[in-house]
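I'd like to ask you about the structure that follows.
A, B, C, D, E, F, G and H are the chain letters, set down in written order, and residue numbers restart from 1 in every chain.
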Amino acid sequence: MPTSITNKELIIKKDWCKGCGICVEFCPKKVLALKDGKVEIINLDACIKCGLCELRCPDYAIFLRGEI
Amino acid sequence: MPTSITNKELIIKKDWCKGCGICVEFCPKKVLALKDGKVEIINLDACIKCGLCELRCPDYAIFLRGEI
Amino acid sequence: MDKKVKLMQGNEACVEGAIAAGMRFFAGYPITPSTEIAEISAQKLPRVGGKFIQMEDEIASMAAIIGASLTGLKSMTATSGPGFSLKQENIGYASIAEVPCVIVNVQRGGPSTGLPTSPAQGDVMQARWGTHGDHPIIALTPSSVRETFDLTIRSFNLSEKYRVPVILLLDEVIAHMREKIEIPNEDDIEIINREKPENDIGEYRPYETKGERLVPPMASYGEGYRFHVTGLIHDETGFPSNSPIVAEKLIKRLIDKIEVNKEDIISFEEYNLDDAEIAIVAFGSTARSAKSAIDMARDMGIKAGLFRPITIWPIADEEIDELSKKVKTIIVVEMNLGQYVYEVERIAGKNCNVIGFGRANGELITPDEILDKIKEV
Amino acid sequence: MDKKVKLMQGNEACVEGAIAAGMRFFAGYPITPSTEIAEISAQKLPRVGGKFIQMEDEIASMAAIIGASLTGLKSMTATSGPGFSLKQENIGYASIAEVPCVIVNVQRGGPSTGLPTSPAQGDVMQARWGTHGDHPIIALTPSSVRETFDLTIRSFNLSEKYRVPVILLLDEVIAHMREKIEIPNEDDIEIINREKPENDIGEYRPYETKGERLVPPMASYGEGYRFHVTGLIHDETGFPSNSPIVAEKLIKRLIDKIEVNKEDIISFEEYNLDDAEIAIVAFGSTARSAKSAIDMARDMGIKAGLFRPITIWPIADEEIDELSKKVKTIIVVEMNLGQYVYEVERIAGKNCNVIGFGRANGELITPDEILDKIKEV
Amino acid sequence: MSKKVEFRLSGAGGQGLILAGIILAEAALRDNKNAVQTQSYGPEARGGASKSEVIISDDDINYPKVRESDVLLALTQAACDKYMQNLKENGILIVDENVEVKDRDNIKIYRYPILRTASEIIGNKMVSNIVALGVIQGVTNIVSTDSLREAILERVPRGTEELNKKAFEEGFKLANN
Amino acid sequence: MSKKVEFRLSGAGGQGLILAGIILAEAALRDNKNAVQTQSYGPEARGGASKSEVIISDDDINYPKVRESDVLLALTQAACDKYMQNLKENGILIVDENVEVKDRDNIKIYRYPILRTASEIIGNKMVSNIVALGVIQGVTNIVSTDSLREAILERVPRGTEELNKKAFEEGFKLANN
Amino acid sequence: MVSGLIEKYFRYNRLPHIWCPGCGHGIILRSIVKAIDELGYNKDEICVVSGIGCSSRAPGYLDFNTLHTTHGRALAFATGIKMANPNLKVIVITGDGDCAAIGGNHLIHAARRNIDITTIVFNNNIYGMTGGQYSPTTPKGEKGTTAPYGNIDKNFDLCELAKAAGATYVGRATAYHAKLITELVKSGIQNKGFSFIETVSVCPTYYGRKNKKGDAVNMMKFLKDNAINIKAAKSSDAERLNGKFLIGEFYKSIEPEYTDEYNKIINIFQKER
Amino acid sequence: MVSGLIEKYFRYNRLPHIWCPGCGHGIILRSIVKAIDELGYNKDEICVVSGIGCSSRAPGYLDFNTLHTTHGRALAFATGIKMANPNLKVIVITGDGDCAAIGGNHLIHAARRNIDITTIVFNNNIYGMTGGQYSPTTPKGEKGTTAPYGNIDKNFDLCELAKAAGATYVGRATAYHAKLITELVKSGIQNKGFSFIETVSVCPTYYGRKNKKGDAVNMMKFLKDNAINIKAAKSSDAERLNGKFLIGEFYKSIEPEYTDEYNKIINIFQKER
């Protein structure tokens, strides 16, 4: 359902991010990057809300809100 | 070698025998019997010196001497 | 013969007492001379809806009873020297996590495998100091089959009341002898159960104590209080902390809950002490020999008496101090080469003469030997 | 800077000392704060033809060093509280079978998992009484990195000489601090090796002692003496016996070989005691604080001094007794809530005032705190 | 007999002497006396005990072990040789007919075919212990015979009541003939 | 400076401050002084220590821990906030330029771009600890500079000698400019 | 703001957790919680037990009944819990050291009894908590602080061991294959008996650094590239499998469960009464 | 007068042994000694180590280097011995309780390391020494003094377990199949690595009595009738195998041995010097 995808929001909880880079590496759309040891969204438009970043973030610092 | 058979002697060390009856049961030639809780030779002539009694006596109380 | 009067072995009386106290879980690993406690538990527990498990070793047995106690069942394990040594790490866990449980140690000849079928009282100091770090402990030691029944119940009661592991120190003589016992009616047995929290679930702090009380109420797993338990130093919420203040507070409370309640915890028997000039301190089976010896001494006109610690830890320091002011000599008789005598000496040494008399050869000390010692003094 | 002068951690000095003493086998299981001892052993042992093995747990480690020692190698293990508790059963085995070996316990905050990275001195009584049954034990405790080196050597020497397990009690402070150490020349180090049998092979009785000597000569597996070793009570041939006479003789000899040789075994340091009115008894890292406190007290005109047990077990009873006749007050300072103080009280209590001062919160007691205590008196 | 009587029942492992001791003690309890039963073990728990001790008394029993016994039952030569020296002056020694008693003064000796009675008359050597109890009672009359009969019936395995009853009576008869 | 100087080097785990402490202590040894180095750990041994302490003295050092330091190095804000209160009166505070120092009387404050020097000038943030050593030496002159140089070379991994040498000199320069 | 899953099941006021940047343990833990969520259990009926180690810190972060025990003993404590209340879903979280070194005996015995406990090992091939000593799963030749010249110990195949000991559900996944973890844990919890799930984790701090495996990302890539699902492996040629390791569901069987069997004994007597 | 074998290798002044009439342990012990005799080793190079139990009393009767340790720990002591002197042929004699209950962890770890120790379990399916409690090899449903209503524990297949843990030689025989014991022990000792040999013993005193298995003779007959050699089994139909158990040599492989591997490390440095 396309709506579900657009309903979700990509959230970063910076104070929990330890900058491991795992989400950056395994994001299929290169949405993310590290800056000053923390994750950052560099290309939100490309995000397909696949949730792989959330799936593999060891620190629960990135996730999609509004999952249905 | 038939000579080897006749060279062997069947020995019982009665003070070690605990009368379990294992040698009696598994002697192929019914050479042995229990009496008053100890093993006894009842038919030495039948003995083929196979050593099975020695093999299975838990108490090392029966054996063949002169093994070659 | 009354139905309730029976000839019973010490180990059996221990199980009967445990079940009367509400034991519903036993985990153990066989070891002479404690094995009957496991065997009888295996037989009796399922009859009262309780559970028995033979674990792979003593470490696992100790762990299992802690797990079961945290889940709400009164739990016990039983062992002897080598197994008692193995349980020590997890006994320390029960101390710091404040998990009620009873550990029976039927003492046999040590050290190591030693004399597995012979009696001894060589684990007295180990019962106090066997696990690492400062920790609270209660240990009781009976002198008869009937007392084994009673003290097993008392072990559970103290354990539940103070949330500490309680050690029941038997010796092979008491464990294996059979004597007359009259099992009391259920109604005459006092049973103490752990205090449960009254908080709303969200508010429960598993290690928070209120007011004067030093013992926090205890929830069980599965009741809705989703609390955390750890063997690390922890604060009132149960979560680990590295703060020296938290550490100090916790350890002090653990020690204090016993220290402050010593009067409630300590019990002892006095026999012929009123006019005594020589006091014997003895416990367990040795105290029986001592009684005979005292009777013999009295017959000879020697004023001897017995102070028998029933609670062996914490030690009855005030009572022993009092005693030492009244008598000339205290003889500590124990089936070892000198353990409890150190503590008695510490307490009484400044007031009277303290002598140790011990033997560790696998035989119960006889009344005659004690009498000789009395006469020597 | 002299090549031999180095900045070294206590744990490293322990390994250096061990290798200098002839350690050629180490079995261990990692545990903070002792782990460096294993790590450095793993690195250094093969370089001197020795062997390191990381076993599956502490029980196995203790077992392995006993096996290796029986096979002729000087052996050591190192651990901390929880692991020390687990080793207790086999420490008892080493006692009764008289197998030389060294057990290092780097004390951390207890009980249970406690405060794994913080210092403590909470295993002092456990070192004495941790295993079941009456048993001999020697325990040494250093106060500096250099002394750690020396006492590790001494542990091996005493262990070989008396055929007992020797416990080296470190604390986290000493184990992890780095300080100056000057490694002595090989020639200046005294090394004692176990006495070997001189008998013909057929005549060797592994537990037979000759004359006054209480320690039997020791053969190794594979040398031709095909002897038997057991943890059961055994006679001079090494085979089990149920005889009370044999049992008594064995246990008494085990205890006596330490008791009789106390003078050789016990060592201590006295600091400013000559005219002291207040004596501090302290050991390990705490003794360092005590020294500072004493210096401060002296500056203020208070006559304070230090008695520092280096051999912590057996306790220096005669010396402490002497001391208690000279001073007014003894303060026992230890990083626990009261352990060694019990023993000091026992010995000194009839002659002087004995006070305990302890803390178990994971922090080293400071000179100021001790000074305050001194001033209080 | 004095208020306190000490028994030592000895023989080979497997002869059921522990059970015999227990039954004797339980019979004493039925008579409202005190009783303590102890035993000795071999290495670890394995192997039957060869010695069972019972103290019967009107008073409390403190020291629970038997040093010198008033009564010694010995079913084997080895047991007799070992324990005879600890029989009191004027004590009672009950032995199986197979046992030869070495000279000792001042004891009363009773010799009966205990083992043979069990195996031949009752037809089951497992009940030697109960035959022995019969003999002991016949000789000492230490408890009331009915109490002892009841105590036996309560302890023996279900289905063996008759056998054991008979064993007891045969033993009792031996001593009373 | 007095005979006994106490240093506390603080920052985040992984900044190599334990090594810096060790090197400082070893330099003192080269000068024939006494030195003791200690540190604190997180839960169990895992995770880098965030604090390393060194005491340098001509005399014996008994109590080995630092209570109030004479010198505090703080590479992070958190470390500075936490330990500043334990800096002695007239003590020396050395901080990275990123650290903001809250008001405190009677201390001397030195602020240098330690981390930036390491990452930008030397090109490797791993050597911040050595830059810091340079700064400390520049400010305090606690040991002989040659001893410190030697101590550094002896401790750093093989192949990184030049890098570390440079780091030290840059740090030293910072403080001497 | 935290994710719904974290909010619902974690004690999120205790986060961030103590694990190092890039430690695989966090990923695995989330995947486990996801499984519990998907199974729809009430939080009160879940009990999570651990030993000592980095991995064993996990329960402290979870809003269930949680227990952090002594090193290696989690399964023995858990056995007591399960016996005391068979209605609890008991999950043990353990490390390769905790479970297979000091705790090896409890593992094989819990498996043998087929007691209904789901054990999840966070296998990072090293002792993380104590700083990088080799463990019983460290591959031969690799380094640890106690194996400075390369480890000479053969490593366990934990899944083989658990199966031989008697486990009735056995599988393996990796921190990279997080969804597979969730699947296996779901099946494991549903299996009425002893379930054993090995999750290969990454420890960049010690195992990675000691063995030059690169950072967390590199280690995750390694898992991605070298794990082959057993289903896929069946149709693969030997060459493709060379040097790779298997993941997926390895073994499954239905056998009597321990607490059920015990209840049958109790029931005999309850009927009698 | 005693037999030559007994005279040569036993401390025969300590005989008769403490084992009960008909106990299988004595048969097994003789078969082991026969293997040593046939291999022709010097008595000084043999070291026999045991734990605690009836079976573990065996070394005391043997004229080798012998060690009777603590319960369950024989393999850990033996590991120290073998490391200290790899020239010794180290044999561990243990019981099902000693080896598989309390000692299970040392078993799997010694197997994993493939250290050159030959372990022989006297498996009588019970704790003999302590009087008949069920052990990890007591079959389900059978009785022990601690399983008065029948054992609900599944039993280990010790050979499977040892193999999964890493043993490089694995076999099983019975007290009846005494010659097979000798064969397996010979091969086991010759295997440079960890060898595991399960010998099914009989305990008429406890296991037999508790489970109405008859006397020693009956129990021996049971072994005779129910054990099938794996070679024969291969050519047997399923029906003939039904309810039977396998004996024979189960597994054999050549892998690096632990003390050899350690010596390689030492050699690096010896060359350096």
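In the analysis below, contacts are C-beta pairs under 8 Å (C-beta built on N, C-alpha and C of every residue); 3 or more make two chains touch, one makes a residue touch a chain.
Chain identities (UniProt): A, B = 2-oxoglutarate ferredoxin oxidoreductase subunit delta; C, D = 2-oxoglutarate ferredoxin oxidoreductase, alpha subunit; E, F = 2-oxoglutarate ferredoxin oxidoreductase, gamma subunit; G, H = 2-oxoglutarate ferredoxin oxidoreductase, beta subunit.
All values reported here derive from a predicted model rather than from experimental measurement.
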Grouping of chains that still touch (sans chain H): A, C, D, E, F, G | B
Which of D-H and D-F has more C-beta contact pairs: D-H
Between chain A and chain C, centroid-to-centroid distance (C-alpha), Å: 58
Whole-Å gap separating chain A and chain G, where each centre is the average of the chain's CA atoms: 26
Intercentroid distance (Cα basis), chain F paired with chain E, Å: 86
Euclidean distance of C-alpha centroids - chain D vs chain E, Å: 54
Multi-chain contact sites of chain H, meaning residues that touch two or more partners: 20, 52, 70, 101-102, 104-105, 109, 129-131, 136, 149, 153, 262, 265, 268
Contacts with 2+ other chains: residues of chain A: none
For chain D, residues contacting two or more additional chains: 32, 35, 46, 56-57, 59, 82, 89, 93, 112-113, 116-117, 230-232, 240, 242
Sites on chain G touched by chain C in the complex: 11, 14, 43-45, 47, 49, 52, 59-60, 63-70, 73, 76-85, 87-88, 105-106, 109, 262, 265-266, 268-270
Contact footprint of chain D on chain F as seen in their complex: 22, 25-26, 29-30, 32, 34-45, 61-65, 67
Sites on chain A touched by chain G in the complex: 11, 13, 15-16, 18-22, 24-26, 54-61, 63-65, 67
Residue numbers on chain D that touch chain C, as the complex places them: 59, 81-82, 84-86, 88-89, 92-93, 95-97, 107, 109-118, 120, 122-123, 125-126, 128-135, 230-233, 242, 244-245, 247-248, 251-252, 255, 336-339, 342-343, 345-346, 349-350, 359-363
Residues on chain G engaged by chain H in the complex (per definition of touch): 101-105, 108-109, 112-114, 136, 149, 152-157, 160-161, 163-166, 255-256, 258, 261-262, 264-265, 268
